[in-house]
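One structure, pasted below without further comment.
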Amino acid sequence: MPSCRRFLILFALLFALPTLSVHADQRYVLTSAEQNVQRDSWKLSGGGWSVEKKTLHGGKQEGVDLITIDNGVLQIDVIPTRGMSIYEIRSGDMRLGWDSPVQEIVHPALVDLESRGGLGWLEGFNEWMVRCGLEFAGHPGTDEFEDGAGGTTTRDLTLHGKIGNIPASEVEVVIDSAAPHRIRVRGIVYEKFFYGPKLKLVTEVSVVPGQETFRIDDTVENLGAVEQEFQIIYHANFGAPLLESGAKVHAAVKSLAPMDDHAAESIDGYATYLPPTAGFVEQVYLVEPLADENNRTGAVLHNAAGDRAASMHWSTEQLPYLTIWKNTAAREDGYVTGIEPATGYPYNRKVERAAGRVPKLSPGQRRQFTLDIGLHRGEESVKTVVDQIKSLQGDDQPKVSREPPQS
Amino acid sequence: MPSCRRFLILFALLFALPTLSVHADQRYVLTSAEQNVQRDSWKLSGGGWSVEKKTLHGGKQEGVDLITIDNGVLQIDVIPTRGMSIYEIRSGDMRLGWDSPVQEIVHPALVDLESRGGLGWLEGFNEWMVRCGLEFAGHPGTDEFEDGAGGTTTRDLTLHGKIGNIPASEVEVVIDSAAPHRIRVRGIVYEKFFYGPKLKLVTEVSVVPGQETFRIDDTVENLGAVEQEFQIIYHANFGAPLLESGAKVHAAVKSLAPMDDHAAESIDGYATYLPPTAGFVEQVYLVEPLADENNRTGAVLHNAAGDRAASMHWSTEQLPYLTIWKNTAAREDGYVTGIEPATGYPYNRKVERAAGRVPKLSPGQRRQFTLDIGLHRGEESVKTVVDQIKSLQGDDQPKVSREPPQS
Amino acid sequence: MPSCRRFLILFALLFALPTLSVHADQRYVLTSAEQNVQRDSWKLSGGGWSVEKKTLHGGKQEGVDLITIDNGVLQIDVIPTRGMSIYEIRSGDMRLGWDSPVQEIVHPALVDLESRGGLGWLEGFNEWMVRCGLEFAGHPGTDEFEDGAGGTTTRDLTLHGKIGNIPASEVEVVIDSAAPHRIRVRGIVYEKFFYGPKLKLVTEVSVVPGQETFRIDDTVENLGAVEQEFQIIYHANFGAPLLESGAKVHAAVKSLAPMDDHAAESIDGYATYLPPTAGFVEQVYLVEPLADENNRTGAVLHNAAGDRAASMHWSTEQLPYLTIWKNTAAREDGYVTGIEPATGYPYNRKVERAAGRVPKLSPGQRRQFTLDIGLHRGEESVKTVVDQIKSLQGDDQPKVSREPPQS
């Protein structure tokens, strides 16, 4: 190395070091396929907060990674092994999550998405939030599309896509040096195949110490050289105790439609929930949300007493559609509702494409998706967040279809 | 805690403690998804007996758990990773087991049940006893059933179901404090899916020190809130040296039928075995066993000399059907016979349902299945157990169908 | 033991021992399902060479074994977990390998060969050389064949077969005691199923210290008792920097045909390569190579300048067919060409069987396949190896079909 170049580097370091010591965020690599790193257990603690990683053992969860962020008021479980899904959020007597019949956090190696006629995804489904996508995100069945050579080809899609069953290749924890010292868990999940999509999901779950809110901040990028369709549904699922008889969901509704004839029958009561009901058949409602001048919209689920609620806020520019999935079956079978902001509805991609709800990414293009989630305690607090939703609705009457969309 | 309640608990403990110290069974948790436990290696020894767990390594068996119970005369290999199947029982010059072309104990993560047109189960098939079931247990192919909404739906089933390729979630070893100090290896295997069955299998393999018999004691429970069909076949497989030219199977037969036209051709010789025969095509026979006044029945397989035998005894209330699978192919291709007590026959579930052989469990309902297996040495011992079977038959003539059942 | 026999053994040992001490090859077992051995990391070094094994971590490569042979001039990565495929060969500024969109070395437990309509193999495809086979090696789709009972049966085959996604059961490193002290990495991969093929692949990658060549030496054996079809394609893949605009492939061609109409359009330029071209659709050419009097043939790929080349030589008795796969897509989508000596072409086995290109192994029969690979630097060296190919061609005019074979 020429000595002048050495000198320049030394010179640069002299100036860089103080900067680094003051402003550098703390970064910790927990998993890296690039660097051949996999930490089985790890913990970092600060004043009143901690981030801990452990490896799960036993049965179907053997070898699954779990990261728990504790910001003093919230404990958030992130599952790197399952596409950075979020298992549960706990806060005192509240939790975001549900009691799925699937109790372990199942390793993707034991999930066969093709099984049960393309419903294999359900064998691992128990998270508070699992992303559906990225190549396809909806119902199983045969998609038909142009093959790029003038003809058409078909493919049997599986339920909700692959991203929720792909282990994250890179996982790191970042602690912001600047106040409010946000704690970030970042993961990179690749849905890349030869002769297939080359999609990169960079996802971050972050929280500020002491706050009862957290943020999901995702970027989807097309690493391929040709235009690529994609779909993403944020399948966020809520069970007891928030979900109960008389619980209610609030959204600002431009349009509302039932997904099928069965849902159509109960559309008048779409916003309220039954108690656990053995034999209940799922009801799915399709919503185009209203947004404010900054394209912000939201949804709130609160309990019967109206003193506990969870809220989600997002941009309709990013996620223009919302699906409300009501599955108030018996507790043993999964008593749960999904509030699912998305790029489209959960029909098969064939239907979504025909309806113009399958976005595309040009080579190198990125799209960002941000969700802000809040927990709310006390009637006042719940009323405040519900009123925000009501003010989005204002005097606009929802356009309600009493029949499913024709497709 | 109110002090009177404290007092009551203390009072209870004072009486309980001596009892516990004398009678408490020893319990050792080897695997627990609930407690996040997975012991890679473990051993417990007593006077002339031991229980040892190891983890298998290399190739397709990497990470597979194996528990060997040695009661001084029998060594029994249980495979928690493969649904608590039993790999082999060894006792001096005898063994229950066979030489499958599949030589490693294959990790379920490497088995694709959907492969080979639904025959993927065969990629891991080499156990002495593997349970088929629990949602479905028979041949692959399209099942058709009511969808609960007035219509019918179809599903492509895979051979012999999933339970044999699901890792046990909980595994413990229990040593009875009371004589005869039975040694028990218990496992819990969940076959639970969202929008699918919620079945729990609690299985126990147990043995008394010094005895040449052991017991399989299983309970299947419907944890769901709606009625659930299930099927179970105890696919017990015997190869050399017990199986050989001139070996013979004895059962008490109410009715006997060939499973297909090929088996029909050889029905007169159903009870005797050929030597290893290259190109042999499997023959399957369907038996309704006769039982005694306590519903007990059994089957015995003995060698040509009649001085080595294995017996199985069970209740026809629990397992009313028996399948005898003859596969006396070349040793290289798997020289083996199956003696398979079951809730039905191994036809596709569609056929079984139509024939009334698919039982149901109401919510919370349990069904128990107990099998007693014995090893017998010497002509006298073999004659005694064969005579038991003959006395079950008594003067009743088996009703033999020379053609397969119409379905 | 009779004392005379003891004496004979002692006598034999006396003579054998010095021989052993001088000539015994060094053997190191790295993986053995038989011996329950799995070494996570291991290294052996000699004068200027080394063999190192590590376990990969993170994302989809968690738990994958990688062995790197360094003979002083070549570094060869062998992947026991993926059927002993060869990931990459590095030598100074040269490498054999390519930049697949699949970047991690994916664990087979995460690959579902049945997915994407039988194209799941592509989810793990990034090796320099992966074997296709052994039961079937070509394109997915429905095969139809005799069922052994006078009828015909069908099976949906998956792309390129299973062997590349089966972990090796036995892996050892052998250092020859005799000069030139060849370094050998041997693996045994079983593709054995009950009611399926019983094929054993013994594979060896070997190299002499200091040489810029290496050898692949495989034996496929039918362990079953009945005749067994098999197929093998050595899918060797080359990307940048060797592959570039103006790179060229040389083969001695008896006959040449395009695989489909699309390839037919460009058959005149089959031997030269485009730069990375977004949206390029693969072109596949089918070659029957000419060979010398010892049945030796070869193929050479060189860069545009003609000063870097890779060569492969083999016997047309062992591998009578050669496929040239041109996939000069954008770098992001996989810029690569395959030079693939094989027992047949990559059509579905149904087509291959009808064309007489599916060999059979009788019980116990073995077939050997040897490939010699060389790296060539400098115009002289490249010219020499290209001239060898040209001399094989001599004055024989290639028989070129301008249309794909009728099948």
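Couple of notes before you dig in:
So that you can tell them apart, the chains are marked A, B and C in the order they are listed, and the count of residues begins at 1 in each.
As a convention for this text, contacts are C-beta pairs under 8 Å (C-beta built on N, C-alpha and C of every residue); 3 or more make two chains touch, one makes a residue touch a chain.
Please read these numbers as outputs of a predicted model, since none were measured by experiment.
Both copies, subunit A and subunit B, contribute mostly unmatched positions to the interface they share, with under half of the numbers common to the two. When the CA atoms of subunit A are superposed on those of subunit C, the rotation angle is 120 degrees to the nearest 5. In terms of their C-alpha centroids, the spacing between subunit A and subunit B amounts to 42 Å.
Those residues of subunit B in touch with two or more other chains are numbered 109, 112, 114.
Looking at the complex, you find that subunit C touches subunit B at residues 31-38, 63, 108-109, 112-114, 148-149, 154-156, 158, 166-170, 190, 192-196, 198, 223-226, 363. Looking at the complex, you find that subunit A touches subunit B at residues 54, 56-62, 100-104, 107, 109-110, 112, 114-117, 119, 122-123, 125-126, 262, 278-279, 281, 329-334.
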